[in-house]
Every structure is written in structure tokens, then in C-alpha cells.
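All chains are identified by letter, namely A, B, C, D and E, in their written order; residue positions are counted from 1 within each chain.
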Amino acid sequence: MKVGVADTTFARVDMGAEAIDELRRHASIAIERYTVPGVKDLPVASKILLEDRGCDIVIALGMPGGKEKDRICAHEASQGLIRAQLMTNKHIIEVFVHEDEAKDDSELAWLAKNRAREHALNAILLVLHPERLVKQAGTGQRQGFEDAGPARQ
Amino acid sequence: MKVGVADTTFARVDMGAEAIDELRRHASIAIERYTVPGVKDLPVASKILLEDRGCDIVIALGMPGGKEKDRICAHEASQGLIRAQLMTNKHIIEVFVHEDEAKDDSELAWLAKNRAREHALNAILLVLHPERLVKQAGTGQRQGFEDAGPARQ
Amino acid sequence: MKVGVADTTFARVDMGAEAIDELRRHASIAIERYTVPGVKDLPVASKILLEDRGCDIVIALGMPGGKEKDRICAHEASQGLIRAQLMTNKHIIEVFVHEDEAKDDSELAWLAKNRAREHALNAILLVLHPERLVKQAGTGQRQGFEDAGPARQ
Amino acid sequence: MKVGVADTTFARVDMGAEAIDELRRHASIAIERYTVPGVKDLPVASKILLEDRGCDIVIALGMPGGKEKDRICAHEASQGLIRAQLMTNKHIIEVFVHEDEAKDDSELAWLAKNRAREHALNAILLVLHPERLVKQAGTGQRQGFEDAGPARQ
Amino acid sequence: MKVGVADTTFARVDMGAEAIDELRRHASIAIERYTVPGVKDLPVASKILLEDRGCDIVIALGMPGGKEKDRICAHEASQGLIRAQLMTNKHIIEVFVHEDEAKDDSELAWLAKNRAREHALNAILLVLHPERLVKQAGTGQRQGFEDAGPARQ
């Protein structure tokens, strides 16, 4: 199994390093990293990792700013990531942390690291243990902040 | 007939299980389930079910949160699901329940289960009995809440 | 000439039947009908009509609800319909009536029927008499409500 | 050089005729016209002109109404026009005049004619004299209303 | 290495010339320039540079106006640029300066020139020195205005 890690110089936390550290705990995984300027550069970087560099899955990490213009950039990037997946029939796990999700720099760093690590695990499950995700279906999982949990009738 | 069921760990109700239970009442249907983290992972999962795992149709179930950011995620996922259909010439029935459609957890669970089941029936009609849908054309059908019914001049 | 008619069970008026009735006044036209649950299912249904069932053009009829969520559904469907056209190099005439365009059920039914019929004529003109559309260029044509007419300097 | 002119019956000014008149001042240009009902029909019409009718470039002219719903139609059409260009590697010059850009019908007619003519010239420059556009780079050109001109440090 | 530079006559600063000047400091780089009317013409121009004119990467420079309609144009252009990258597996660095990012013409000119030059360097790094971008991952880089810097826990 080879995992691509695409991240940005725009992000204010080294989310790529966190994801890689988490992946490395699983010895059998090869990793290829690709750093681009911003989130809008992630779709093609992810597609190159999947098509030209032999990755089975990509984790695409970014940190959009808190302005309206940044939210639109993130939206454009997300659509590109979905399109790239449909062109390759492989998963790209989007790990975006919006700067305004956190109340200060310290929480932002904590959130970014935590979400990167939890989604690194999701990437492994998707490729190696899909049956474990089926067991979690409909249970209100979240990455970064606390899980929402199931809603009961 | 083989039906793909794509669902998420993010959802707070096990909508996939409801859809599968409804489908199972129709003995001749094979089912393949694929669980992903969130709604943005559903388009490629659905396409893989259609192209690589022999499904004739897919039911894609998800439960976006109630924030603006969640609405945009759902919008991106929906566009991806439509694109996946156009790339395969097969239907993907989108079954999304927005958390803010229900007044509390109990109604949310009821709504999610009901909509999943009603759309499971739609999937069967689309593949096996398309003429029955023609008979319902323009009659204001809804899935989950009560039907709107026809508007008369 | 073969015309595909794609419509929905969600719509509260049988717009497909109106379009078909209008088309039938032109004896040389074959018709294929395809009814789906909602507007987001129309793009792939239209593409199947164009690619797999020999239609020269499709009329895609739908009636989005009046809420913000419905407007987004309609937007997603419209983008899919445009994409389907670009993938086939054939026209799909979108005939959407938004529930909030009319002041009550009676006007809604009148509007839906009228717009369906006027666009059925547009479909015929596009395929059989494109030169007649050129004569109407820039004259402020509308379908359903009254024409806007030309603006003069 | 062959130029496609795609326009609509929805527009309230015959923008296609204006563009054609401007193009005709350049004797060596062949012209093919294609009139459709509304702006959402322009993407496939433009693509047909480029792929099936031998055009080197297309001018796509439309006049969206002033309501929110019209702005969304225009947005959908614009995205389709960009997609059509990417599928053909040829330019489609979008010439849209929004009804609410002008203060009355008279200014609307003036604006539509002027913008159509200025963009007809852009089409010629793009195909025959690209070096002249390079000379205008960054000079704040506008089509219709007055040029904005360059910003100086 | 050959770099495409796509820019517009709409922009009020000659951003293309700035990018080219910066690139020229690196002697081994060939440059191809392509000027179009506005930002919505940039996606196909960039794709032509990548596919037909042998460029390894493109810098696409534009300056959307400050109105809502302009923001939508920029959004459409951005989506097209991402799509063009996915169709070619090559990078297009988007360098957009929104007119309302600056407080006056003087700052606008300064910002446009600065951002064009900083992104010209990013283009070189992406093709020739990708390992240097990895070193900057997660450090809050910005182009034009001051860097945001890293967020610490």
C-alpha cells in the first residue's frame, strides 16, 4: 500500500507531517509527499500522485483562511478533489481545517494535527480494512472535534 | 439485479442498514455495501460500485450537518454524484437528510430511516419497473415527510 | 425525429404529459418517456435517452420546491443537464417551474402546462426548423408567462 | 477563418446581428449562426459549432434577466461555456449583458450592441492577431461601458 | 523548462510582464505568452499552452473587478483552471488579484506586481525544486501581502 500526502505552504500547521507520522506507525505503508502553494493546487497534485506516482489513495491537507474569498477557494478545491477521484476511481481524503473553526492559534494547531491524524487512519481503513468502516456506519464519527454520536428514535 | 449501498460513518443514523433491510424484502436483489467517512467520499465510492463491482444502481446515503459549511459539503457531494452518473450512464439515488430538517434527534432518526426505505423502493422501480414511475409522474411524491400531492388548476 | 421526455414524480403537475400531447400534434415525431423521482435524477435519464435510446433531443421537466435547499437541487440538476449536453453534442431543453413562481396551486398548474408546451415547440424548432429560431433572435421570448419583447434604443 | 455566432430568442436585443455586422466588415471571415431559446442552451450550441460545423471560434451572446434565478442561469451557462472550451481547445467569447446593468431599455439596447461589437473584434484578434492582445495586456480594457484603464503605482 | 504565461487585457496592471521579468532571472527557462480578454478566457488559453505549445506549467494572471458579478466570473474561471489541470496533469498557478483587495490604485499595482513575482517563483519551485516547497509546508506562506506564519500550539 502506497499513500500520497498532498499539502500546502499556505497552511499554518504542518498537517502533512502529522499525517505522515500517523501513517508511519503502520510499517507496511509507503508514503509519497507533494507540497503545493495552496488548496487550489491540491486537486492536480493528488491526481498526479494517484496516476503517475503509484499511490493507492491520497490524503489532501489544507487550511483555508477565514474570509469569504477563502471559503470560495476551498469550495473550488473540494470540487476539484471530487472530480479527480471520479477520473481515477481512487479515494482522496480531504482534510481541510478552516482557520475560523478554532478560537485561537493554539486550538487551530491542535485541531489541524488531530484531524490530520484521524483522517490518516481513515485512509488506511478505506484501503486495508473497509469492513471496519461498515461497522462504524451511521455512528456520527467526527475528525478533530468530539464525535457527534448516533441519534436515537 | 445488484444494488450498491454507499453510506457514511459521519451520519448519525444507520441509513445504509435501513435501505438494505428494505431491499432484502425483494429476494432477487444482490447487495454490495461500501461505507466511507463522509458525504464527499460518496461519489467515488458510488462510481466504484457501478464500474468495478457490477452494481446496476447505487443508493448513496448521507447526513450533512446543519452549518453553512456542511451545506456546501453536501452541495459538492451532490454535484459529484450527478457527475458520476453521467460518466457511467447509471443511476445513483441520493438520499441525504440534513440535520436541520428535523426538530430533534428522535425525528431525525425517524426521517432518515423512512427516507432511506422509500428511496430503496425508488431504486427498485427505476431498474425493474420503470413503468410504475411513469404512472406517478407529476403527483408530488416526497420521500420521508408526507407527499405534497398534485396541484390542480 | 425522436424526442425524449424526462420528468419526475416529485413535480406536482404532469408536465411530461403536457409536453407529449403538444409533440403528438406533430405526427412525424416518435416519443420516449422516462420518469425519475426528482430533478437530480434527470441528467443521467436524459443522457440515457440520448445515447442508449436513440433520441435526437430531450425535454427535461421538473418542479423544484420553494425552499433554499430546493433551489440548490435545481442548480445541481441544471449543471448536470448542461454537462450531459456537452458529452453528447445534443440539446436537452430544461423546463423547470419553481413552486414559488406562482401565487397559488391553480396558477402553478397553468404555468407548468404552458411552459411545458411552449418548450415542446422549441424542441421541434431546434431539430427541424432552426431557421425559425434565428428569426426570433433577440425578441425577448419567454415560456409560460408573457413574452418580454424587444428593448429599443 | 470561420466564426460561429450563438445567440438566444430570450435576449431583448438582436446581439447576434450586431456581432455578425461587425464581423462582416472583415471580408475574409465566414460566419455560421445558431439561435437557441436561452443562455443555458448556448454551451452545447457553441460546442456543435466548434466540433461539427468547422468554426475556429464562437461568440456566445445572451441577456440574462435581472432576478436572482436569472443570475444563477447565467452562472450555469458560463460554467458550461468554459467546459465546452476545455473539451475543444478553442475559444468561446461569452458576451452576456445582464438586464440590470442598464438603467432603461434604451441604455440596455445600446450596451448590448456595443458589447457585442467590441467582443466581435476580440474574437478576430484572438484568432488572427493575438500579438495585438499582448500589447493591450493589463491596460484595463472593458467591452460596452468605458475602459477602466491601467492602475499606476 | 518552458513556462506559459496567460494574462488578460481586462487587468489594470501588466501582471504578465512582471511574471515574465521574474522568470527571466532564471536563464534556462523558455516562456510563451498568451493574452486574452478576461479571466473566463484563461482556462482554455492555459490548456492550449500546456497541450499545444509544449509548456510544463502555466501561470494564469487576472484581476477581477470588485462587484458581485466579477466575483462570480472569478469563481467560474478558477473552476475552469482546476478542470484544465485535471485534464492535463500539469499545474496552472492561478494569480488573481481582486480589485477590492487594495485600498487604492497604487496599492493595487504594488500588490499585483508582488503577487505575480512571488507566484512566478512558486512555478519554478513546483517544476524544478519541489523539495524546497516541502520544506515550507505548513508555514503560512502568502503571495503579495505579508506571510501569515505558522500557528503554534
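The definition used in the following text is that contacts are C-beta pairs under 8 Å (C-beta built on N, C-alpha and C of every residue); 3 or more make two chains touch, one makes a residue touch a chain.
Everything numeric in this text was worked out from a predicted model, so none of it was measured.
A rotation of 70 degrees, rounded to the nearest 5, superposes the Cα atoms of subunit B on subunit C. With centres set at the average Cα position, the gap from subunit A to subunit E is 25 Å. With centres defined as mean CA coordinates, subunit D is found 40 Å away from subunit B.
Among the residues of subunit C, those in touch with two or more other chains are 79, 83. Beginning with subunit C and continuing to subunit D, the ring of touching chains reads C, D, E, A, B.
Within the complex, the subunit B residues that touch subunit C are 71, 75, 78-79, 81-83, 85-86, 89-94, 98, 119, 122, 126, 130, 133-134, 136-143, 148-153. Only residues 7-17, 33-37, 40-41, 43-45, 47-48, 51-52, 65, 69, 72-73, 76-77, 79-80, 83-84, 87, 105-106, 108-110, 112-113 of subunit D touch subunit C when the two sit together in their complex.
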